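Following are the structures in question.
Below, subunit A partners subunit B and then partners subunit C, in two separate complexes.
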Partner chain A sequence: MTIKNTLQGMFKFVVNAVLLLFSASCIFPILWMVNSALKTSNEFMQNSMSLTTHPYFQNFIDAVQSSGFLECFLNSAILGFINVVLTVICALVAGFFISRYNFRFKKAVYLLFVSGMVIPMLSLLIPVFLQFKALGMLDHRWTLILPYLAFSLPFAVMLTENYIRTIPVELDEAAYMEGCSTFKLLTKIIFPMCSPITAIIVITSFMNAWNEFPFSLVLINDKSLRTISIAIRMFNSEHAINYPLYMAALLVSILPILIIYLIFSKQIMKGMTVGAVKG
Partner chain B sequence: MRKRTQILSVVLAAAMVGGMLAGCSGTEKDAKESGAGGDSSKTTLTIMHMGTDEAIKNGDIESIMMDKAVDNFKSKYPDVELVEEIVSQEAGYETKLKTLAAANELPDLIMALPSMMGSFYENGQIQDLTPVLEANQEWADTFADGMFGDYTFGDHILGVPRCSIVNHVIYYNKDIFAKCGMDSFPANEQEFKEAVKTLKENGYIPLATGNKGKYAIASQVMPGILMKFNSNEWYEDVKNYNGASFEDESSVEAITYLKELMDLGLFNEDVNSLDPVQVRQMYYDGKAAMYIEGSWSVSNLINEASQEILDNTEITVFPPVKGKEELKGQIVGGQGWGISLREGLADDQQEAAVNFLKEMSAPEIQTLLIEGGSLATAKEVDYDESKLDPLFVKFLDMYNSYDKIVGCPEVQLSTAYMDASYVGYQEMSIGSLTPEELAAKLQEAHESAKKQ
Partner chain C sequence: MRKDRQTQGAYDRICPAGGLASKGRPKYKNPLMPPGRRIFGYLSIPVGVYLFIVVVPTLFAFGYSFFEWSGGPGKKFIGLDNYIQLLHDKTFWLSFKNTMLFTVLMVAGQVGIAFIFTLFFTMKWVKFVELHRRVMYFPSIIAAVVIGLMWQLIYNNDFGILNHFLRASGLDGWIKPWLDDPKIAMLSVAVPVIWQFIGYYLVLLMGAVATIPKDILEVAEIDGATGFKRSLYITIPLIWDILKICLMICFAGSFKAFDHIMVMTGGGPGRATSVLSLYNYDTSFVQMKMGYASAMAVVILVVSMTLTIGIQRLMEGKANDH
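Right, the complex of A and B next:
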């Protein structure tokens, strides 16, 4: 019995040690970034792996104050927020009608939405540029909303359509019998039930907008309208880079994603396991 | 009832889309009127370049020089509205430039590589500047000989240089060489090979190189070796399809020599995953005996390396090849990124654009370049010698000891060749291509540009 306990204890220890090492390998790059962000440029160039002896917080201040960083940060935050709101509304409404109603070209409409997932984004760069140019839509505060919405919707519509299909139709019928309108059915019954997938849509659509690079690069010329993905890369020029400043800027730029993930983490976990076990 | 709802939906949807488009286009028009081209009495000129604020703060002399030229132009020509779009190379400058070119929407002044200029010109997107230079002979004469070499395509000059560069400079730590029993830099290619072996045996990285962007081996290391095995005449014949080829014996010999050096461990093991800025640190830490980058990096070393490293640093290029001593005066260089003018500029824009080019090569800018640690483009430059860093003086001495500047294939030939060479040398470095296969691939890419 004692030997068995000892062996079990050793096994647990080894497993935990392996998992700990694995976790350390995942967290190491982040810790390295934090450490590097707290060094001066010279300190970093002398030895990039050494621990900082005198944390240099000025990098964070300089990064935020550097030309246009804050403006780009806010631009991305606004675009991300608008993208989230529009994607959630459009996806839930589209998903509801596609899953609940039979109408002509229903499959074609669904296919049109979902096909967006298989089209490589970069192949659309030039056509979208030409189209926006012709329509006079370049270089405007709202220029990027349409492309971002278009990139976020396919996945979101697929998710909502599949999820709403698992909600019993009897619920709708009961609501209608009680005199509920379609609008009320959507807002009071169906949408609240979709909260686990809504959380996933929120984080993916925000990340889509926050991380998007090529369209922001090509469709926007005005420095004051640039997004964070462009601002970050501006710290990195071909011949000269201040790495600590770059790391500080990167750390600041991942904050919104981190905060959104922390807010919705429980819902996301729920969303991921939805449908996994049916009883 | 149902039909009425359907019609209403369609009408509302159409109104929404219409409103959106009208709103967007209307506001863009407003923005243009109040912004770039706001004052109708002003000539508007657009320029796209890479001189970001961050690069300027980090002491990048090419960015500082562009910034100064723009400032000087703006104060000298207040009647011209110069609208800058600044995108760093890492932020996708080339992607943006190529997308704008594909959409035929290039800015008025374009910072481009010679390899891009050829195709832009063929597509009627940039001007032949030969007539401009001929009409402004006095200004054209201020440039040193060969300063339009990278931008000359047949009888056409398609760009004006910002500065002059040497594609590869080898910085070596004489203290490490001495510790490994070498009192001087290898005198020929065989001695260089031996030096690589010795340095490796003593635990040093022989030549720190950052090939993450794929260009370091292809456009810095390789041209330096290639032009020690081949003459400039051979290269011109290759370039102009006059019978010479990358598959010629001397060219394959050069590629094979590089492969042998790679097999001996010339580069750091992570050569393909680090960028030049990251590998500089290996040199600063004393882990690498040599470091290779273009001449623009002299100012970076001056700003970043410790005094001890700077004191021990000497500057050179690849040594000559035994039996080919007649080629030892050749050094690979050029002008790199230059400025071209868009085709179809209005008369006032053309005049303003030419004035900008003149401002970019003005004496004040030339002085700034030299004192900032870069090579100028003018024949004569007035500068204060006491302002030059000792490392830059060493570089100038080395540069002046060579009498022939030879062009770099990766800069001057087509983008098809450039892409093939970038990928090819990386593939050879990981052993998936033999030197002969690579030579064939390079020639094939070069020929493909001719067919187009």
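Right, the complex of A and C next:
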């Protein structure tokens, strides 16, 4: 009996240790990058693991000021913002009509959006490129807006559709009785009621746009239109190899996501669970 | 007119306007429904965008796949030659094999480990559950490009964390050129992707566990089902549906492994880590064979859709249920 107990105790200890180790591995690389980014290149090359003694913030300043970096950062921020606005509007409209009315092709429209959850969007990379090329849509400031919107829509539409179902139809009826138009009903009544779901959509669609890589790689060639993902990928080849500077750039590029996560981690996790469970 | 609306309103309350749910019942018309023209007007934008990015490009690619074309003005119709060439393309088949291997690694690694962790997190003797959950989820929200670049640094021969730890624990013999050895490169690129998304599936599965009513667990415990017995007979059956959804998401997602591999190895060394999406990119942007790349894109789309739908059917099509 005692042997069994010690064995059990050991097992519990090992499991806890493994979980702690894995958790540590999830943040350690980031901490390592922060520490390294605060060193000079020489310091880093001498010992890549030592703690920084005199934090050298110049790397962050240099990274932000390096050619084109800030521009790409802003490009991504603007794209993310536009994507958020358009996704919220489109998802609201599509979710509302699909959940409320039985119009023709309703099922087709719904399936169209749901299918987006299982189509590997990456297999559309070359086709979208060829189409944009044929239509002369490459390398514009608005080039990436449509693809990003299309990729954010399936999840957003499903989420809103499910949510609007839970809003009583009586509300619509009352609104119509009072002489509300469809547009007013949508903007003044349904939209404010969707705010919990809207928060989730805002966060996810911003992160989608910010983190996206392959389509901005393929559809954008103009240096001044590049997104942040492309900028950090090119960073090392465009600047003399200076690892602390490079890590500072990487850290700056994830800063918005980091801030969003620290503030909204609960909503993000909840939204994801709801999305998958309902899907 | 108004009276008619009211009776219809009552009907709506009995059969809520969720139209898909009322399949099979006599067709009714929500009296509040705006005329079709207006619905069409509203929906044309989201549906239009979606068709324009997802459906139309596929048609474009299908059309181009019958031509020999390097992206310039000259196009030559060659019928099915591109598809025939694809069948004999060794690199294509290697990439196909790599993609399959990668998919298996992803499903087993991500969902498998997340599943085991979830079971551990239902045990009372596991500490810091909430902290673990938040921390482990963290990598999955970072851009895949950044994860790839970060792991490139971790794997670095001279100053990478990995080799540093190996050296510190006296395992110098284990030090390898992680991303440059064709034999292990595929595993080396798979590890970061697995590592990144364990937390994602963990949160999904733990969300499912949280929906299990507390009294069921308590009753089970009173009846003597503790530890692994409880996992086997209570927890696993009750989160089975979510587990299937996780497998679906993971399966569809592992075709997307482009970002990580692109930045870590670019498909190399040689073609050791070439996956389908990467090879497709290579044929169009490096070799400039647009017609051939189109044919390949069509094949990839068809294959991945077939596999995804097939697996979904195998698991009783949960993801499309409503």
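Note that the second predicted complex is superposed on the first by the 222 of 279 C-alpha atoms of A that agree within 3 Å, B and C clash if a C-alpha of one lies under 4 Å from a C-alpha of the other, contacts with A are read in each partner's own complex, and residues count from 1 in each chain.
We adopt the following convention: a contact is a pair of C-beta atoms (placed from the backbone, for glycine too) under 8 Å apart; a residue touches a chain by one contact, two chains touch by 3 or more.
Being a predicted model, the structure only gives us computed values, none of them experimental.
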item	value
Contacts of A:Leu7 with subunit B and subunit C, given as first, second, both or neither	neither
Subunit B versus subunit C as contact partner of A:Leu74, first or second or both or neither	neither
Which superposed partner A:Leu31 touches (first subunit B, second subunit C, both, neither)	neither
Subunit B versus subunit C as contact partner of A:Ile259, first or second or both or neither	neither
Touching partner for A:Val109 - first (subunit B), second (subunit C), both, neither	second
First, second, both or neither for A:Phe129, with subunit B first and subunit C second	both
Contacts of A:Arg233 with subunit B and subunit C, given as first, second, both or neither	both
Touched partner set for A:Val85, first subunit B, second subunit C, both or neither	neither
Dominant contact partner of subunit A by residue count, subunit C or subunit B	C
Which superposed partner A:Ser48 touches (first subunit B, second subunit C, both, neither)	both
Footprint overlap on subunit A, comparing subunit B with subunit C	45, 48, 125-126, 129-130, 133, 213-214, 217-218, 233, 243
In the complex, subunit A residues that touch subunit C	12, 15-16, 19-20, 22-23, 25-29, 32-33, 44-45, 48-49, 90-91, 93-94, 97, 99-104, 106-107, 109-110, 112-114, 116-131, 133-134, 146-147, 149-151, 153, 157, 165, 169-170, 172-173, 176, 182, 207, 210-214, 217-218, 229, 232-233, 243, 247, 250, 253-254, 257, 260-261, 265, 268-269, 272-273, 276-277, 279
Residue ranges of subunit C touching subunit A (in the complex, touch as defined)	5, 9, 12-13, 16-20, 22, 27-30, 32-34, 36, 38-39, 42-43, 45-47, 49-54, 56-58, 60-61, 64, 71, 117, 120, 125-128, 131-139, 141-146, 149-151, 153-154, 158-161, 164, 195, 198-200, 203-204, 207-208, 242, 245-246, 248-249, 252-253, 255-256, 258-259, 262-263, 277, 280-281, 284-285, 290, 293-294, 296-297, 300-301, 304-305, 308-309, 312, 319-320
In the complex, subunit B residues that touch subunit A	21, 23-25, 27-29, 31, 35, 50, 52-55, 57-60, 62-63, 85-92, 95-96, 99-100, 102-103, 105, 276-278, 280-281, 284-285, 296-297, 300, 303-306
Subunit B partner contacts - residues on subunit A that touch it in the complex	41-42, 45-48, 66-67, 125-126, 129-130, 133, 135-143, 213-214, 217-218, 221-223, 230, 233-243, 245
